[in-house]
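Think of it as A, B, C, D and E in the order they're written, each chain with its own count starting at 1.
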Amino acid sequence: MSMDLLIPLIAILPLAGFLFTAAVGRRLGKRAHLVPVAAVGLSWAIAMVVVFTAVTGGFGDEGHTVKLWDWIPAGAFHVEAAFFVDNLTAALLIVVTTIGLLVHVYSIGYMSHDPGYWRFFAYLNLFMFSMLVLVLGDSWLTVFVAWELVGLSSYLLIGFWYRKNSAALASKKAFIVNRVGDVGFALGIMAIFVNTGTLNIRESIHVLTSETLVAFPIPVEVIALLLFAGAMGKSAQFPLHVWLPDAMEGPTPVSALIHAATMVNAGVYLVARANPIFASAPEAMVVVAGIGIFTALLAASIAMTQTDIKRVLAYSTLSQLGYMFAALGVGAWTAAIFHLMTHGFFKGLLFLGSGSVIHAVHEEQDMRRMGGLARKIPHTYRTMLIGSIAIAGIPPLAGFFSKDEILGEAFKLGFAWVWAIGVVVAVMTAFYMFRLIGMTFWGESRVDKAVEPKIHESPRVMTIPLWLLAIPSVLLGLVLAWPGPPLGPLFGQHGPGLLAGWLEPVYAQGLEILGHHEAEFAIFGIDGVLILISVAVAVLGMVAAWRLFGVEIGGLRRRGDPERVRTLSARVPFLYRASLNKWWFDELNHLVFIVIGGRVAAFLWWFDTNIVDGIVNGIGAVTRRSGGGLALVQTGRVQNYALGIALGLIVMVVAYALMVGR
Amino acid sequence: MDLANSLDAYLVLAGALFAIGTFGFLARRNAISMLMSIELMLNAVNLAIVAFGSFIPNLKADGSIIALMVMAVAAAEATVGLAIIIAIYRNRKTPLVDEYDAMRR
Amino acid sequence: MRAWLYLFTAAIAGAIITTPALVVFVFAGGSVDDALFAALATLMLVSALLVVTMRDIIRCGLAMIVSFLALAGIYVVVGAPLVAAAQVIVYIGAISVLILFAIMLTQSKAGPARLVFQTQAAPAAVAAVVLTVLITLAVSATDWGEVGTRVRLATDTLAQVLFRDYVLPFEVVSVLLLAAVIGGIFIAKREDEPS
Amino acid sequence: MDGFPILTIVTFLPLVGALLIAFLPASATRPVALGTALLTWIVSLMLVIGFAAGRGGLFQFTIEVPWIPIFGIEYKLGVDGLSLLLVVLTTTLSWISILASFKPIQTRIKEYMISFLILEVGMIGVFLALDTFLFYIFWEIVLVPMYLIIGIWGGANRIYATIKFVLYTLVGSLLMLVAILATAFAFQAAHGGDWTGAFDYEVLRAYAAAGGGFDPSLQLLAFGAFFLAFAIKVPMFPFHTWLPDAHVEAPTAGSVILASVLLKLGAYGFIRYGLSFYPDAAQTYAPVIIVLSLIAIIYGAIVALVQPDLKKLVAYSSVSHMGFVTLGIFIFQPQGMEGAILQMINHGLITGALFLLVGVIYERTHDRTIAKMGGLSGRTPVYVAILGFFVFASAGLPGLSGFVGEFLTLVGTFAVSPPAAAVATFVMILAAGYLLWMFQRVAFGEVSEFLKGLGGHLTDIDAVEILTVAPLGALVVVFGLFPGILLDIVDGSVTRALADVSTGAPIALEPLAVAAALGALAAVVGIRVVTLPMFRSGSPAEPAA
Amino acid sequence: MTFQDLVTILPFAAAILLAIGVIVADIVAPGRREPVLVVALGGLALVALLTVVTGTTDATAFGGAYRVDALTTFLDILFIGIVALTVMFAPDYLESRGLPLAEFSAVLLFAMTGAMLIAASADLLVLFIGLELMVLPGYLLAGYHKSDGFSTEGAIKYFLLGSFSSAIFLFGLAFVWGLTGTTRVSEVADQLTVQMATGGLSAGLALGLAFLTAGVAFKIAAVPFHYWTPDAYQGSPTPVTGYLSVGPKIGAFALILRLFVEALEPVKADWLPVVVGLAVLTMTLGNLVALTQTNVKRMLAYSSIAHTGYMLVGLAAYATGRMEGLEGLLYYGAAYSVMNLGAFAVITALQRRAGVTSNLDTFAGLGRREPFLGILMTLFLLSLTGIPPTAGFFAKAYVILAAVQASQAGATVLGVLAVVAVLNAAVAAFYYLRVVVYMFMREPASEPPALIRGRLLWAGLVVTAILTVVLGLIPGPLLDIVGVAARAIG
């Protein structure tokens, strides 16, 4: 079958699933999941075909475009609705479709008791559609559409349990904060059009980067930053990170799919996609790197003290996204996408696992009421342990490769400060992950006595996806980063690694502008040292967590030491409280946006009713009053009238007298 | 000094009479007094007309005729006026005009 | 006693009227006409003033008749005897009588009202004075073209003019009077009478 | 179809219906009214079919009959892309509104339907008239039925609202009359006292385009008068205060027509007359109008945030949305104007639907206070779903029609003045703010006590009501995905309009700097206010009114 | 007096005979209305016919004192129409108050003859007598409901002030005579042209002009000479009010046309500023005070003052040399007569029983109770407001057009006048529409007043309504006519 048919199908199938379910799902009851899951499965299969074609060079370096129709034919402003696939897209397709499929399957079990079963699958399909359009979009505007659509579907999914006020608020917050970023994105798109006269991604980039001699009305740096603003919104980078933790109000599969594995990566994808623009705007890249690494640090610091299992993961997600942006900022685009993919899998795994845990302890999310679950829910435990090791960056699991590549590149490209902070964050990461594992699975149980006996492992339909996600969490790093044989040749690649090979054409122009050239990988040189360091710090964090919160791996056994935790946190009271209170961002928002903003809005309304409208009504009132006043002349007495007439007569005589002799 | 032969004298006299009439009309309260004041004013006009008639050659006879007409008109006015006065006197039982102020504003 | 009083008033009145005449005649050396004019003018104005100022409305009526008589005299002086005659007939004969009737009809038992003047008498006076001044100024400031001397008109010429040039007004005036009468009768008629 | 007086038919068909209603028994009123409206709609669709888009904005189906020969005033109708779209919009919403009135309007149905049909005549006439005098007459005709509709079938405070509406509009339109006459006379004087064509739109336009056009001082005055009339109708800040009152008091269908069509009269006037007759004046005024538009966009949105009443909220959102229209027009960029026109249509569809939906809930609760609602989705899921759809459409969700218009406008603006565009773009946040906050308070959370109290009365949206909004929803989707349909039609008109007002002349940027400053301020305020309901669903401090 | 003279004055003479004929008819068949109506209306038709027949050709009679031209014909037809409509509206109203129809019709017809004489006079004395012949019956009509305190009060106020103004007017007339030495309009004009050429405006003439203007301003109820209007209108029997609001007003404007536009044409430049001032004052005060009125008749009285202002705008525009001003004035007169008579006819219909006030409450719920009447009243009010497509709108537009033209032709003050006029129109909308509010948006009064359902009255209503719409939609024909009429003197 021709690609021109297949590629659209990837996106259209979920859409069809959505429309179908939205229309008749209500009546399907417990069978509501069949169509959506099938749709996603099918679209996964097709995606894999497309991906294979892509990475085996089936589309050449230029990629493959499928035009659907002329969307906005407004004279000079001409936008096509078209899809585009190149290796970058392919990489994203892998993550999106795979995790998407698994989450769908997982949800069959997780949501089975929910009255809104059909609604949930409808929304999920809508999300899949939007996300796929986002990665497939050929023009900035198409991407923007998807950009907002994923916002919508995430809004719907976060607010899925609309009776919960917190959920409703969180969903709104997510959408609006995203909108803030979108404004930047939109302005960026306008700027691009004004500069280049086209909105096709590659054409516009070509113009922007090649004709640097031409003086553009809008400087490229501005465009880059505007695009980055959009990315910040979707990928929840500081200061727009506030929505992501709240988004945990949604059902756990949603958190796994949208707020860990796919949507939040959109920002990373966008920047990577626009890499030449950033390459020709170095200042912008520094900003990206700075914000990225700072977010990583900030989030990690918060994650260390949170007690809600999902929130810990949420902040961890923030932190990891921070890494990715740091990588993008320093120019290690491959590394960024690499981490995006690995992170997608193991964070998805961790979230689904946490969902399974929450399920097991009857919708309890507070880790202080867990503990010792390892024996009771072994599958969940094992898979989550794998996920944690992966994210902590212990070789040879996936996380190690990607994170190490980011740090290494940062160092080698001369961003030592990024590297340094990154290392610190690595320690924290390992620490809070094993704190999580420790508090949840090890030590004696603190579970509510009533619930205690009822704890049970989740059904197959949930555990199988966990295992399926565990596999890439372990191997993906090796597969994508292993330099040379045996995998390379299989995909007709040579050089530093599979992914790097795939993405090479995508980044060629950007790298050229930056003047980077892939340094030869020297395991017995700088790279080796860096690897040792990052592994060391990972272990350090891990061990620290063990000493405080205990460990039960094979022979390695140790009880947690709450006393120590208390004393330690007491030693740095400020830091502790800051971390606990998430650096008071919510409070800040409340003050600025509600207290002050509320006053402003109220004032403006007052202004509108009393001043603007007041003037209008005032004029009317004055007119009427003056009428009443003039009416007083009409006394009803003839003599008064006569006097009036006489006076009028006199005035008139004078008036005419003035004109005498003219 | 030739009063009887100066047009101005007659005109000023007419003016004075007219003013007196005006005063009466503005100042008196009794409807009939006001009517009389109007008659005075009309006579003032008549005086002016007649004066013009006998001094302005073109007007020769016309002056007198016009004066006669004015008198007739004045008579008609008086008729109507008195009729109305009597009618309202029946309703209000007073000839004082400034008490007819049922309608105002 | 009262008789003396009347005589006294009459004397004063006579003085008022004759003084200007004498002044004009003797001192200013005017003609007889001038004296006559002065006297009549004074009489007319004074009686007119009485008309608008006296308390008892019946006396006002009488004063008006006097003033009209004086005016008739002035008409004679200015050389329009016919108008003078008409003045006597129409005004004194018709209108004044009409007015006197009306006065009789509308006299309330209470007799003449306490307050003769409107509250606005003062401004009215001012207005009247201003008006006089303005008229005087205007008159004196105007050049009335070639002003001939008074010409005494023969009645027959008048008749000719009337029935040649002024037929239409003449006829219409009659219509006017007819209309006034028809309407006047209806309005003045008492309600209870069958219409 | 030339020669066949289809325009006359489409204009006066409703009048025929009105007369029928007047003389037929009361039982026939509703069917006849709806039938007439539908028939008119169909005729207008035939118009679309017969319309040749390629003709570069020339007028088609023109009818020309001498009317007041002495002044060369003619009964002249014609349609170009712009008016075509607006006419179809009018006819569509007319039958929808009439259908939507069946349930709410139970008293004096005859008078109601008659007024409504006459209103339709006026609106269509305004869009089709090609003679300034005729235009003015239709313009005023619109006033009366609307006055009655608000005043007779309106809410508690209806008389205040309706009189305010009429007087406010009248002040503007009467001055416009003076301007029309002045223009006509200027033309007549320039043609040796010959009145021929002094009121003919195309002749005047040609004259204005040809060397020099009208005398500058006349242009300034006349355009000023037109501006006032149109600005009040649009309405532009600060002439907007009649709108919330009128909307709140008007019956549902009244609000729908008011928002969907009446507001467009002003914008239409700007494009059709303002730009074509007084290009220089238009250039001069443009910065001011742009600034006002920007203020309106931000200001309307902010004020909408704190509205306790559903209708008021939508009303203020209209102020904000129409700001885009005026902005797009006076930025003098092809994208800007095409965006503005799209925005006109979309606002017509979306806001119309929103008012219909507010009406649906009002029918059941007899209340529009947002605070009293809550948890509706528990009781009326379908209704909430539909409401949600239009809420997001109104928030400019891409893929739905609202987005395209706004974005085109913004692109056009950006090309001229990035700061202005930035200010305008901020409203994306504000819009999401007030709409989603409203939606959340109405639809989500536990079912409110007030709604519980209604018990069985609170039924889900019924078939007829769905029938009224469904077409709008469909169009919103279609125009969102295939705006080309509209763009092809209006393209010619836009080109012509822009050719009239010489786009070359750059807009003075000083006022735009001011705009940027104001806008930035407003925007900062805006962001804060937006997220103000972030952590609580309660309404903020009520204004000290 | 030749036979030709007789032919020329035939319509006028016929009108006089008709007035007398009505009385005769009443004497023949006392107290019955049919004969009176038949004679009156039939006669009016005849008079109209004669007017049209003889009026087609310009002619003068009585040595130039009486002149028939297109303007005369136009005005005569207008007057006849006004009177005919009044006669149609009055009978039931009078009957229910025990007032005879015969005298009413007769007096009314006499008034008409006066107006016709004004329209036809080419001589200042005739003009004056015509004026008196027009207004004296007016006083009588105002007090026609003699047993009613309000009616007589209005009448005496109208009469006293009216006579006062007549005296003033006559005084001014005297001075013009003195200065020009003639009474013929044309000769006066010539004389003045000469004088203006030589010495400019002389003091005496200034005085005369002042008195004349004041006198005329009173008759057309222009501020500050309008005081009589509200009281007289409110007091008079409603049909009479209807007549007073248009008949004498148009008559007085006819006087203005003959006196100011013709005789005083040479001093145009001198009376223009005064007219402008009067116009502004009149429009503004009339509208502002009308805002606060609660009695519809009184409100319409003030509104009629305002309308005088609009007509003066036309006059002013003419004075600056725009023919359209004159045409607009004439058109306005016709339109105003139609719509205002209609409005008062509706009020008449409401006042079947004596004692039914014309307060706004009387109208509450009328639209609901009597849709037909309500809609007609709305139509008339809209027309008075000046909303298309009605006569009132086109009239206003016409006058404003003239003003705008004048302003563009140099007389900027006229532009200001135009703006003032439209703003006033907007203000006026408030009080006109308030009646609509009462008719359609208020609950009906406790006990709705009984309606007059006389065939004549309703026929008249329909006629006025149709005319109101037609003059708005198809102004063409009337425009031609006023064009001709205006050119007769302009």
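The working rule: a contact is a pair of C-beta atoms (placed from the backbone, for glycine too) under 8 Å apart; a residue touches a chain by one contact, two chains touch by 3 or more.
Because the structure is a prediction, the values reported are computed rather than measured.
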item	value
Furthest chain, CA centroid comparison against chain B	A
Distance from the mean Cα position of chain E to that of chain D, given in whole angstrom	43
Distance between the centres, which are taken as Cα means, of chain D and chain C, whole angstrom	74
Distance from the mean Cα position of chain E to that of chain A, given in whole angstrom	79
For chain C paired with chain E, centre-to-centre distance based on mean C-alpha positions, whole Å	34
Residue numbers of chain C (touch at least two other chains)	118, 120, 123-124, 127, 131, 134-135, 138-139, 141, 144-145, 165-166, 169, 173, 176, 179-180, 183-184, 187, 191
Residue numbers of chain D (touch at least two other chains)	167
Sequence positions of chain A contacting 2 or more other chains	631, 634, 636-640, 642-643, 646-647, 649, 653, 657, 660
Pairs of chains satisfying the touch condition	A-B, A-C, A-D, A-E, B-C, B-E, C-E, D-E
Residue ranges of chain B in contact with chain E within the complex	11, 18, 21, 25, 31, 34-35, 38, 41-42, 44-45, 48-49, 52, 56-59, 62, 66, 69-70, 73, 76-77, 80-81, 83-85, 87-88, 90-92, 97, 100, 102-105
Chain A-touching residues of chain C, taken from the complex the two chains share	118, 120, 123-124, 127, 130-131, 134, 138, 141
Interface residues, chain A side, partner chain C - complex	637, 639-640, 643, 646-647, 649-650, 653-654, 657, 660
Parts of chain E lying in touch with chain D, wherever the complex brings them together	367-368, 371, 382, 386-389, 393, 397, 400-401, 404-405, 408-409, 418-419, 422-423, 425-426, 429-430, 433-434, 436-437, 440-441, 474-476, 479-480, 483
List of chain D residues in touch with chain E within their complex	67-70, 108, 111, 136-137, 140-141, 143-144, 147-148, 151-152, 158-159, 163, 166-167, 170-171, 174-175, 177-178, 181-182, 184-186, 189, 218
